[in-house]
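Note sheet for the following structure.
As written, the chains take the letters A, B, C, D and E, and residue 1 is the first residue of each chain.
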Amino acid sequence: MNTLLILSALGVIALFAEIFRFRKGLFPLILLGLAAAFIFTANQYNHPHVFFGMMNFDNYAVIFSCSILVIAFLWFMMAKNYFLQETSVTDHFSLILFSLVGAVVMVSFSNLTMLFLGIEILSVSVYVLAASDKSNVMSNESGFKYFLMGSFATGFLLFGITLIYGVTGSFDLATIHTQLTTTNEKGLVLAGILLLLVGLSFKSSLAPFHFWAPDVYEGAPTTVTTYMATVVKTAAFAAFFRLFSTCFTAAGNWSDILWWMVVLTLFIGNVSAVRQKSLKRLLAYSSVAHAGYIAIAIVSMSATSASAIFYYTLTYSISSITAFTILFIVSRYKGSKDISAFEGMSKANPLLAFAMTVAMLSLAGIPPTAGFFAKYYVFLTAINHGNTLLVLLAVIAALIGIYYYFRVIIAMYFKPEQQLVPIQVGPLHRTVLIITTVLTLLLGLFPNLVLGWI
Amino acid sequence: MNQYAALIPFFPLAGFVIIGLMNTKLPKNVAAILACGMLLISFCLSLGVFMNISGQSNEVQLAPWISVGSFSASFTFLLDPLSSIFLMIITGVGFLIHVYSVGYMHDDEKHNIFFAYLNLFVFFMLILVLASSYLLMFVGWEGVGLCSYLLIGFWFKNKSYNDAAKKAFVMNRIGDLGFLLGIILLFITFGSSDYHIIFPKAQGFMSGDGMITAITLLLFVGAIGKSAQIPLYTWLPDAMAGPTPVSALIHAATMVTAGIYMVARSGILYALAPVSMFVVALIGVVTAVFAASIALTQNDIKKVLAYSTVSQLGYMFLGLGVGAFSASVFHVMTHAFFKALLFLGAGSVIHGLAGEQDIRNMGGLRKKLPITFLTFLVATFAIAGIPPFSGFFSKDEILAHAFTSNKLFWVLGVIGSMMTAFYMFRLLFLTFYGTYRGNEHKVHAHESPKVMTIPLIILAILSTIGGFVGVPESLGGSSQISHFLDPVFKPAQDKMMLLEGSSSVSEVALMGITVAVVLASILLAWYLYISRKRVPAAEGARLPALQNLSYHKYYIDEIYTALITKPLDKLSEFFKNIVDNKLIDGIVNLSGKATEAVSDLMRFVQTGNVDFYLLAMVIGIACILFFKLM
Amino acid sequence: MTDLKAIPLDWYILLSSILFCIGIMGVLFRRNAIIIFMSIELMLNAVNLLLVAFSAYHNDAAGQVFVFFTMAVAAAEIAVGLAILIVVYRNTKSTDIDVLNRLKG
Amino acid sequence: METIALLLILFAFAVMGLFVPIRYGNRFAFISSLIVFAYSLYLFLTFPISAEYQYVADYSWVQSLGIHFKVGIDGISILLVMLTTFLTPLIIFSVRKSEPRPRAFYSLILFMEMALIGVFVSMDGFLFYIFWEIALIPIYFICLLWGGKDRVKITLKFFIYTIAGSLFMLVALIYLYLHTPAQHSFDISALYAAGKSLDPHAQSILFWFFFLAFGIKMPVFPLHTWQPDTYTDAPTQGTMMLSGIMLKMGIYGLIRWMIPMLPQGLAQNAECMLWLAVAGIIYAGIIAFTQKDMKRLFAYSSIAHVGLIAAGIFAFNGQGLQGGIIQMLSHGINVVGLFFIIDIIQSRTGTRNIPSLGGIRLKAPYLATVFAIIMLGAIALPLTDGFPGEFLLISGVFKFNNIAGAVAGFTIIIGAVYMLRTYQNSMLGETSVETDNFTDLTMTEKTVLIPIVIMVILIGVWPNLFLKVSEPAIMKLLSGI
Amino acid sequence: MTVYLFIVLGVLAVLSALMVVFTKNPIHSILYLVLTFFAIAGEYVLLNAQFLAIVNIIVYAGAIMVLFLFVVMLLNLNKETEPHKSMLRKLIAVVAAGLLMVVLVGSLKGASNMSIQPFSHNTGLIENLGTVLFNDFLLPFEVSAILFLAAMVGAVMLGKKDIK
């Protein structure tokens, strides 16, 4: 609860900062606030609280909130410069902070109302942020597409909630769970679950509801894309899993549908990425593909699923931040988001290239990076649940993944030098990159650091 | 004595190492003396061993070599009559040839290396005969093959020499594979490759046992390769590319008899496998006749001798195949003397004629090279089987045994010796009689230096008297050599339960027939090449069909090329270009290509039109609901 | 006020399903973004109707309360959506969704 | 502790190597690899001949998943560790010109050495997998950064190909892990037990998964097509690392992990595998007949040799396994020597095309001699290193299946053919335009080649030195099934 | 009586909803949509949710539709300028939506065997709703404030012209 309060307060403060000419101090304040929120949240570890029957701050919620806050922290460090150049930095920041509220709600809801509101808060903020580069048609288009499809999907989500409500007479997860075990009404339940599945799949960009993702990711300002790929994805999956694991484990046979969706996602995401020229779009597809991997843990609903999702989203987010930060820096510098912009980087900026390499290896899932362990853990969960075939397909998809991630590495290390001038990396970005790179390696080598918590 | 005996092979090895490492830093004389000296020491030690050998065999353990579980092989030497005879031949003849080489190779720029190789060869040859296990024998076996390779291709600037060397090695390798598999089968059957384990155990097997037959046949494949029998004989004539002492030492006196040695050594096994015995005899006799028939028309002095060697080796196998082990070993010995002598004589001729090898360009050398001529004559008598020269006794013992075993073999054998007499005298007449047909102005024929002629003389003496160690009882001799070897071959002889030879009268009669036939063919040669002064036709001239076939060696090389070499190269390219690149890698690459193609397709699906996305979404939902709810 | 039993719940489900699907059809059918937005509103309303029906049949006020939140969300969304549309319009001078296909592939 | 020390020293050197002044790069790397070699030699010499693991270190790594950092050395691993530490200094020393970015180059080699040793000493399935994959990264970059002109495509194919196999292995490992008793564990003995308890059908399926990983790495026909290209295009040192050490990973994996873990799976497929391996021997050997590019030729020859090793291992008896072990050593040594010779030739003449060479022996007798000796090792002449291995392997295969053994034996003929062809066409004959100004070995080159020649003969004459070390472990392995 | 009322209102709602989709002029669409909302509000009344019926009218017809109208006017779209989709795509759209409807309806039928609570008049009354809203749903209520704030900030941010 404190987390929500702090975040909302920060958001409001950010709004007023514009008026009180407080822009300079705002940024440290936000970081401070995020740190405080983190501490407050972390404190609740092992002290589950239920707020108004609406939010249950159990360990799951705490861990995911912390994860989101950490990612958001890194994101702010990464995005600061970008937004400071915009006219309405405070609006941006407050929107992000509000969306964080939504994200926290999404990971801690114990009532469908909260889920719905959480998703909407997050979505509405991100719709705006995606379109926030107002003069840029791409950005507009991105925001528009996201909004249009998002609100369309909201309709289905809502329909699903309604049907579940219709059967169980309640929005409370625990009640729904008990009601569903007793009811003999199957059709409505299943339809409701499937529609919820659709809605949440949309948010987490599972095929065939992924179409928005590449376009939106590409068009949105890079920082916003980063945010979508990290915080939004984490929150979406946390909510997805929370809902389905608490309510629908026993009800309805939805996992085979999700199974197919996962397979579809894995292949569409990975295969489509193969021929991309733009790194940003490539990363967008990669994000779709990673959604597929994460969803494997949901299909294989078992004791380790939660920690698998947690570990995966966390490490994926960290690596993504590295990749997007570098993309951001490079595209600023060279005016291109294409992979070709990275050519020769290993000579001009060896450290940048190294960080990018680590990120790519992690995304590709190659030891000793965290991405490997994440995949491993997901696979472990799935095989434990008997989904071996799915894992085999995921393995094949992962191979395709390696192909395109390595295109980036190849561009950096092999392609001839375009311009030998080293790119200047600001101190903040430098810090972010160091942190994320170290974390990627550290978490890969010592997954115990975060794994034991959930 | 035995502990010193273990050192026998290591003197040549030391010679090889020293000369090999120092190479050009060593003066030629020093290298030559070193090499010969090392061999002399070995010879002396061998002599000591030979004198002291007393029936039973002695093993000298040196060191373990390979061992895995129950399987083990070690460096252990076996000293028994058989190995001691070979020791004598190798070190004795080897020493003489070394000495000869000092003169023959004196002006060669790679003089030192030559001696290093020769020493290495002797080392391996000694290992081969001293080995107390098949595996160690295989070490020597392959080692001599290597040296043969190195020495055939000694003048490596010449491509055809290199080809010959490679051919020799590869053909030997084909045989070696058989040998190796035989050894493995021995391991599987007897749990060891040591003679002292195998031979006693083998006595427990029934005659005609399938496993023994398989083993012996496989071992014989090895022998075929090494001893140049049909169908793996073609490398030996080509091997004449090497310096002549090499031909004498390796490709006449020692290495090529390794196959005989091995079969003789395995006598007990062969005795248990009648089928194998028959095969050995058959291949032996066929080779003897076949190679002799080629030798009839060859014009290269060394080629004639080479085919003659193949033919003589065939006789030895015939002997082995009919159970005359000691006779074969006897023939090995006499053959070592006279064939080494023939080659060295030929070398002397070549030396004297500055490299000329074609007998069409020789003639009348009797006067110019008297010592060479005389020794050559002795050797020719010996090989033709004129009593009392050494070849007579050994060959006739083989033929006598063949007669008791299978009359057809005997007939073929006699035909072979007829041919032998003919081509040898043809060679002799064309080279040393008549008038000189070469270019007098270019080449000034001269007798070789002493260092070369002395070995010739010694060998001539040996060729003459060498046969007396094996004079059969029927001729009043005591057949010393067969008694000497008896401890080795006794078990095998017992197993075969040979019908004890025909009466001595018939043995004498057979000898008479053979000698008569030989003399007849000598007369024919005389008639053709001395009376009629016939000279072989020049290159490219049309020959009668049979002669042509013989002259072109029955086109066996061409057939091999067409049937094996060419198809293999074609197959190689097919594998590489079609199977590997197109098929296997094609499938691998296809997966990549397909992914890219599908990727393009998917990019096409991602149209950018939001209404399409919405439509896809709706259809997706409809499908999901449809499949789950209906 | 009336006897609810007179109208089977199925009818409400049917009605709201039809309305929902008309909304979907509108979204798919039209190119004008504004009409599409309106169709989405229609979808939300269809759901609202169902919610209220369930609420009434369950005799549970929570369903109707949820409708408030739906309305709130709808309002918020549409506000944002129209804002985005205006931004798009400023740049493209069109509300045709098919114009927006720069991002693809 | 000693094992960990080995890994840590290497890791430290690899990192330090990035920061030493550029001109000391080579020397630093060389000396550090020598230190490691000395240390491992010390371990080897003091190694107690026993079937048990020595120098075991066991730390909990990911506790909740039963993953341990458990390493140890037994008779099999020590030989491979020795091979690695012996070859690496030579490989480092064999670098001839100042490569661009030398520090990275050497660091990558040292890093790779660490990963390879890690593979050989892991006693935890997960750890093994990690090292297995990590070893790929440095070699990928070595090939990518310093390779030939088609390197991008080829190395990527190599990378994906090999990772494809290992991912399937990962799946199999996880599956086995989940069949360990509650409180799952990746411990080697637990995995052995789990694997053995599976029914034959499951074992058979898992067998294929493992085989993909190991078979690709080795590579076994028909999974080999990445290899000739990669060997051809990689820089010499990369090729040496790949062929000399890295492909041993696959064989080691077979021996260490697959056989004890899935004996029944192996038994079911052994026949098929054996024939595949034997087919590879003949197939690759025949292809090698007509190759013009020396590197490619030796790449194919390597496939043939490895095919024999694989066949011996699938034959699955004392001779086969021991032969496989000793042949791993000798193949590693030979192939590194051969590739270095190619490098020498290429650096002098600018070509690896065999037909344009010839007569080198006239100009460079030392080189020709060394080449000859190593070649003899490669064609398994007795008293060279190739013989004990090939003999044991062929007899192992023969024991298992007579016909297969006989066919496998053809390798000694085929090998002789292409090796002698190569030797003849490059070293013998008259000199060509390219080889006219050939110079003989330099001091550096001798330093690299002489140890190799010594090893060629040492292993040939005294194979027991190594066979005895691995014997108890192999016997234990065989008896454990 | 209620049944007929239900049917009339339902048919009205469906028809006007269809008109929303098929009318070419945006303004007309908006008006039809308002009509739909009224019909739905009528259904609310039938369901005894009078308060919601009123809210529905106020919020949707009163606020949201005005917003739409405003935008249409602002963007000057009150013409039938919309380019048409090809017939094929329209057909596909209709078919897809129809398909979904068939599936949806098909899957939802048979819901009547649900346990249905005895009817209470109080459910939809304002005090009852208020109690539930401010007791059970207090947190969502508060949180929706953030939603509005975010939406507002967002809309303003996007809507305002940048002063460059």
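The working rule: contacts are C-beta pairs under 8 Å (C-beta built on N, C-alpha and C of every residue); 3 or more make two chains touch, one makes a residue touch a chain.
A quick note: this is a predicted structure, and the numbers were derived from the prediction, not measured.
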Graph distance between chain B and chain E, where chains that touch are linked: 1
Common touching chains of chain D and chain A: B
From chain E, the most remote chain by mean C-alpha position: B
Chain nearest the overall Cα centroid: D
Pair joined by more contacting C-beta pairs (B-D or B-C): B-D
Centre-to-centre distance between chain C and chain A (centres being mean Cα positions), rounded to whole Å: 27
Whole-Å gap separating chain A and chain E, where each centre is the average of the chain's CA atoms: 31
Centre distance in Å when chain D and chain E are each reduced to the mean of their C-alpha atoms: 70
Inter-centroid spacing, chain D versus chain C (mean Cα positions, whole Å): 65
Residue numbers of chain A (touch at least two other chains): 113, 117, 120, 124, 127-128, 131, 134-135, 144-145, 148, 152, 163, 166, 169, 187, 190-191, 214-215, 276, 403
Junction residues of chain B - those touching two or more other chains: 592, 603, 606, 608, 610-611, 614-615, 618-619, 621, 625, 629
Pairs of chains satisfying the touch condition: A-B, A-C, A-D, A-E, B-C, B-D, B-E, C-E
In the complex, chain C residues that touch chain A: 13, 20, 23-24, 27, 33, 36-37, 40, 43-44, 47, 50-51, 54, 57-58, 60, 62-63, 66, 69-70, 73, 76-77, 80-81, 83-85, 87-88, 90-92, 97, 100-105
Parts of chain A lying in touch with chain E, wherever the complex brings them together: 4, 8, 11-12, 15, 51-55, 87-88, 91-92, 94-95, 98-99, 101-102, 105, 111, 113-114, 117-118, 120-121, 124-125, 127-129, 131-132, 134-135, 163, 166-167, 169, 183-185, 187-188, 190-191
Contact footprint of chain B on chain E as seen in their complex: 85, 89, 92-93, 96-97, 99-100, 103-104, 106-107
Chain C-facing residues of chain B, complex: 603-604, 606-611, 614-615, 618
Of all residues in chain A, those that touch chain D in their complex: 361, 366-368, 372, 376-377, 379-380, 383-384, 388, 391-392, 395, 398-399, 402-403, 406, 409-410, 413-414, 446-448, 451-452
